[in-house]
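Per-chain numbering from 1; labels A, B, C, D and E assigned in written order.
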Amino acid sequence: MELLPQLLIAGVVIGSVYALAALGFVLIYKSSRVINFAHGQIIATGAFIAFALTQRGVNFWLAGLIAMLTTFLLGMLIERVFLRRMVGQPIIAVIMVTIGLSSVIDGLIHLTPYGAGTFGFERPALLTGQGIELFGLPLSKTQIAGVLMALGLLGGFTYFFNKSTLGITMRAVADDQMAAMSVGTSVERVFALAWAAAGLTAAAAGVILGLMSGLTLGGLAGIGLKVFPVVILGGLDSVIGAIVGGMLIGILENLSAGYLDGIVPGGGTREVFPFIILIIVLLIRPYGLFGTKEIERV
Amino acid sequence: MSQPQPSQLEVQGVTLTFGGLNALTDVSLTVPPGEIVSIIGPNGAGKTSLLNCISGFYHPTRGHITFGGHDLSRAAPNVVTSYGIARAFQNLELFRGLSVVENLLLARHTHLRYSLLDSLIFYGRASRQEAENRAYVERIIDFMELEEHRSHPVGTLAYGIQKRVEVARALTLAPQLLLLDEPMAGMNVEEKEDMVRFILDIQREQGITIVLIEHDMGVVMDISDRVYVLDFGQLIAGGRPEEVSADPRVIEAYTGVAEEQQAVGA
Amino acid sequence: MTLSTPHTSNAPPPQVAASKDDLTVNNVEVVYHDIIQVLRGVSLTVRAGQVTSLLGTNGAGKTTTLRAISGLLKPENGKIREGTISFAGKTLSALNGTDVVKAGVVQVPEGRRVFKHLSVEENLRAGAILGRGNWKEDLERIYIYFPKLPALRHKQAGYTSGGEQQMIAIGRALMAHPRVLLLDEPSLGLAPLLVAEIFDNVRRINREEGLSVLVVEQNANIALRNSDYGYVMESGRIVMEGLSAQLASNPDVKEFYLGVTEGGVRKSFKDVKSYKRRKRWM
Amino acid sequence: AQKTVTLPWSGAITGPTSDAGASYAAGVEDYCKYANAQKMLPGITLNCVIRDDQYNNANTQRNFEDFVANLNAPVFLGYATGGALQLKSVIQETKIPTLTASYHIGIIDPPNNTYTFLPVSSYSENIVALLEYVAKKERGAKVALIVNPSPFGRDPVVDARKAAERLGLKITDVQEVGGNNLDNTALLKRLESQGAKYIINQNTAGPVANILKDAKRLGLLGKMQFMGAHYTGGEDLTKLAGDAAKDFIWATSYYLYDEGTQPGIILAKKIGTQFKRGADTIRSVHYTSGMMASAIAIEAMKRAGANPDAAGVYKGLISMNGSRAFNPGFAVGPVTFSAKDHIGAESLRLLQADATGNFKAITGAQRSAMFQLVHPMK
Amino acid sequence: MPASRFTQTGNYRTKYRQDQTIFATYAEQLSLIVLIGLLLLLPLILPKTMLRDVNMIMIYAVAVIGLNITTGYTGLINIGQAAFMGVGAYATALAATRLNLPFFIAIPMGGLAGALVGTFVGLPSLRLKYLYLAVATLAFQIIFEWGVGHTPLLAQGGAISLPQVQVFGVKATFFNHNFVWYYLILPVLVVMGLLWRNVLRTKHGRSLIAVRDNDRAAAAMGINPGTAKIMAFMIGSFYAGIAGGLFAYFQKAVVIEDYGLHISIQLLAMAIVGGLGSLPGSFLGPLFIVALDRVVGGTSNWIGSQNLFPAGVDAATALRPLSFGLAIVLFLMFEPRGLANWWRLSRLYFKKWPYKF
């Protein structure tokens, strides 16, 4: 029975990429209750910025850093220009703005040479060469880096939201903007910050994803959809949920690819399995494993 | 709006638990037809929870609630409504985007008896009943003196008016029993007087039984036929207003001072 | 009786000398959505170290007045069209909400808007966002004023009772180190005992810390008993002002706000007629 | 007086698969313009109409209607599998000969297949040819199929199963893998545990590259031989998979850019430079494929004479056989059509990638004998 | 009373029943009749390919009315409307090809199939609120696409061709296809629109709006919010199913790509641009988005042919998502009530014409 542990490990690895992608999504939802359908496109933007820089001879790590900074600013900009006007509008309107934005960013990426085609990072020295082997499953250094990064960010953001005043305030804003303003919180700054932080983690996710499976606009942006099962499972507003949800979905996907695909004619169950899980979770525990339960009293 | 045989509301041994917390513990009380019965008690005592149990928003963990032969303890809110129980909420639960008239029309839902098919063709039954309904709703608007606001979106009305719409809407349901949760919160004396007048008229002219939750002891003492006091989910007193207000447990848990001392004499 | 007459009430209140820490609202007009005028030239003063109360009917514009002071009009699509508000040498009417808090004026919003999903302690900490002072010490200070709260520290605020929520909301505002506290209907929906407790606490904080307070109330009874000076507002105008004790003995205030007949006895709600007496100030 | 005849193409210049579609469109357009410049059709000026349909069938239909009803086009050059399948009944009704960039065998299978043609051998034939290769190398080998989750990907499966049975090969698994396959560990591990040694892909280059990279990481490249049909290989794959593409075996009917001595490639380079196409476009096999489709259509018009209408073009097409076969040199064999034969250049080669990712032919131009047995043309 | 009932500028009603009329004034009724007359003549004056676009607009309008029923009026965000269309399309295709039923039965069967599946998919709405339901419909969309791909009966997403129809002895051929279908789709759209307009003035319509505004209060009014939500899904996906059936015939074949996620999003965009929860918006939205698509298509073809941009920069491809996205975003930011609001304002203007106030 070597297959099972291998599937689990591989699930954790890919799951950490999902987790990273989901993290930014959660950051935005957590403070502003906005579901961001453009997150995949921001991930793509981050990845392509890093790639474009390495193409021009910039050191890989520096390029990644600049990309993260750029998407940090991009996140702020998006909030400033588009989302700020939408405060107080119905949820569907806000959702549609992000859907519209995803389309706009798609278009903008098509204005660069990276809109069509596939590209690959030149792997930096640190990430080349032999990784480690677990239960006979070789893991590349990139994959290990992805897992570590996901766990690191998990720790950091969990601490931030539970212990720091700013983190607590960001959650407070999600609860009641007016009340938050009454104690001097700049709600606008909080939103901008959330979007910026989301942008930052998006670039990280994009670069890791690019290292693992190449850069295509469709592939990178497509992860924006994969994120939904993850965040629903983990809880839309939970950092730890994003990580655990990501890993779980990764694992479940792999188990379905490992075992179900052999049974279902045509296979390909991993494409749909997460969404079936999603519906089941929604029915049993609508706020996910770690999500906050909506307090509703009449 | 004639009630053939008025029903009595019976709450028997109701306990309601949230996780570890007992919001209500073994509460039993009776609301005789045609009376105004007030429920008072400190914040968090379980008054709204009790109302929620009656109106089907919560289901008691133990105990029974019956009204005119119907068991309410497991019924959904819309089912409870169909038994002739209407409710006005503590925190306004209006259809904010709709006008006053539309809000009231919605309250006629259960009184309209036509199918989706009738709706689709809108000829005959649906059309006729809708016209009758409008007439009914306009009568309520007159009664509650809401004429000048009738076509304004409810969300833009002043708080006090919204409270009145809330009561009007419950009244439009043509209930036998009307549950009012702090209908006078946030009003000054003058506005409270208006609301009291409506409540008394509803009771006297239409014979509707009223359960009232209110923190203003003046109002409660003046208009109730019977008062129940909840504290920490338990019924600590019940009876005629004078008896209750003199009860030392009530003074300790709720009013803090005897009622007469409250007025400003200074 | 030194009650100033309506419409000519710009004479300074007589009891204490003006101080630079007075909060003054001068002839302020506010409109919502650029068209709905709500305040029509409101002027009032919150004397340093005093509790000032603001009474008025529903929709008179009391909340709007507080929002105008605290810079919270913008999210409601309202704006100050005319007039100024100043405090400690700063013109508040030119500042946004955050800067008003920085200037030392903090509002406790109407209806106990606690952060439902945050714990009680996190609610309080969220009040310390501007980082005045040491939040740990401040927490202890607030727990002294509201001794019920420490036991609830880790409870989700959404599940606490109304009175507790009001305490949390006030405590949260205190965490921002205000010099002027604006309270919007703290008694709303609270049981009499809790109302008394809240006002006792407000009074105590006012005395011990010299905090100025402007409290908007429907419960004129308790507000006038716990304040030094009072204003009455109707349809966006201040129609009456005076020392609280004096206001309490004004016949109109008695009838419309305190529910007491001219003879001095509380009239029964049961005897209300739909006939309405015209208010003298209208 | 010059007569104007429309040569129309509708395909994905934008939208999904547009990386292939844009080059293909360029090929179609450039060859058409080139034909005008060369006065290939005496007395006729071609109206080269290139329309973007964004890989959207409704747009394809709209374009088709416009071409046929308004522009009187005697022929239709299409692109996507879905669009082509959807149009079949209309094509049958309007009798407009049609060539698409999709080599899905269903396009020319009955019903409604009188006027549909494939320029080169089908995906199914690609895959059967690969199976034949496997059978020759290792009797009774275990083979797995990985296909795109779409009609494009799934169609060859039936023929592949039949062929494998006759060839004595064992198909251990058929898996669908789409464009968002970020991690193929589970898939590959399962295939490994089944003992599959040959993995045949019917897909686009992106997913295949991801599989190859994962296989490399898992150390499976030596143990498994990866292979694929027309749209899996070539420059696209090398660009994506890098050194993981090494040893990949690819079945295609086209000549490659590097085979500079082939007349078709020489022509493509010449035309590409003439119309100032980018180097990447000219290198792309899709550019060559586009030219091929264009060339076949124009040749058929030529054969239709002074007045090329749909019927004439159809006759022109089905006249391309025997001594009258058409050989523009883009593909490894001549284009032959007849009333029964709707596949143009049936011949194909298998090519294998070397360490630098260059594909080198490992077989000569050939037809798959087995394919004719498992999928007899009706 | 004004001199003529056609020039009246307001309403002078004396009975509540008069308040129920759909069109406020006789002038409005008249203008509607004129409009329908014009619509009947439209195919005679429109260029052929445009007629096709008009047909598409009308089919999408049916689907968008349905989307408005679930999302606009009931507030249940639905990111899977195209999948419901797909259900209708496949059901219609099966009815037409396997059961050999004529189109006037096959298409309603598509509607019923849509309603059936919609009811089923709507079940989670009993428990789910807000965004969670949106995500569930998204999941349905994805599961639907995957499911079709794995169902041989549905040609695994490949084409199922539909037979040509014959109406009153006229056979729809390639050359009169759009023409014939125009006269089939238009009445369906008008009837579907009127039916919904009727529902809106009754308790059923109101109960949906009530649930959207405040489902707890709705329950207190005796409305079963669960039933109302399921009903919304049922009716909404019935409309989608009808639209899908029409689309199947109109496209002559059913392929899965026509019912993908991007179409769902396009339908949402149409509903938003038209104005959520507005019947006129359900027509204007599809009109706008399809027209935008045509204009952009033309422009991007032109850009593509001009070599205006450096190699590798694909401006032509960029244009479409850019314009589509911007249209959505700009509408939401500057005209959240959509084109329906412009429609309303212009109606108001003409109602009061020649007076301006």
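Here is the rule we go by: a residue touches a chain if its C-beta (ideal position, glycine included) is under 8 Å from a C-beta of that chain, and two chains touch if they have at least 3 such contacts.
Predicted model, so just to flag it, every value in this text is computed and none were measured.
J.: Farthest chain from subunit D, comparing Cα centres?
T.: Greatest centre separation from subunit D goes to chain C.
J.: Based on the averaged CA atom positions, which chain is farthest from subunit A?
T.: B
J.: For subunit A versus subunit E, what separation do you get between their C-alpha means, in angstrom?
T.: Centres of subunit A and subunit E (C-alpha means) sit 33 Å apart.
J.: With chain centres defined as C-alpha means, what is the inter-centre distance between subunit B and subunit D in Å?
T.: So the centroids are 74 Å from each other.
J.: I'd like the Å distance between the centres of subunit C and subunit E, where a centre is the mean of that chain's Cα atoms.
T.: 51
J.: What is the distance, in whole Å, between the centres of subunit D and subunit E, each centre taken as the mean of its C-alpha atoms?
T.: Computed value for the inter-centroid distance: 37 Å.
J.: Can you tell me which residues of subunit B touch two or more of the remaining chains?
T.: 57, 89-91, 93
J.: Spell out, as numbers or ranges, the residues of subunit C touching 2 or more other chains.
T.: Those would be 159.
J.: By the touch rule stated above, which residues of subunit E touch at least two different other chains?
T.: Correct list: 146, 149, 156, 216, 312, 314, 317, 320.
J.: Mind listing the subunit C positions that touch subunit B in their complex?
T.: 55-59, 111, 159-164, 185, 188-194, 196, 218, 220-221, 224-225, 245, 248-249, 255-260, 264-266, 268-270, 272-274, 276
J.: What part of subunit E is in contact with subunit A in the complex they form?
T.: That would be residues 71, 75, 77, 124, 127-132, 134-136, 138-140, 142-143, 146-147, 149-150, 156, 216, 261, 265, 268-269, 272, 276, 312-315, 317-329, 332-333, 336 of subunit E.
J.: Flag every residue of subunit B that touches subunit E in the complex, lowest number first.
T.: Contacts found on subunit B: 55-57, 76-79, 81-82, 86-87, 89, 93-98, 102, 105-110, 112, 114, 116, 118-122, 126-127, 130-131, 134-135, 138, 169-170, 173.
J.: Touching residues of subunit E toward subunit B in the complex: what are they?
T.: It comes out as residues 15-17, 19-20, 195, 198-199, 201-207, 209-210, 213-214, 216-225, 231.
J.: Considering the complex alone, what residue numbers of subunit E touch subunit D?
T.: Answer in residue numbers: 48-49, 52-53, 56, 146, 149, 155-159, 161, 164, 173-175, 177-178, 251-253, 255-258, 297, 300-301, 304-305, 307, 311-312, 314, 316-317, 320.
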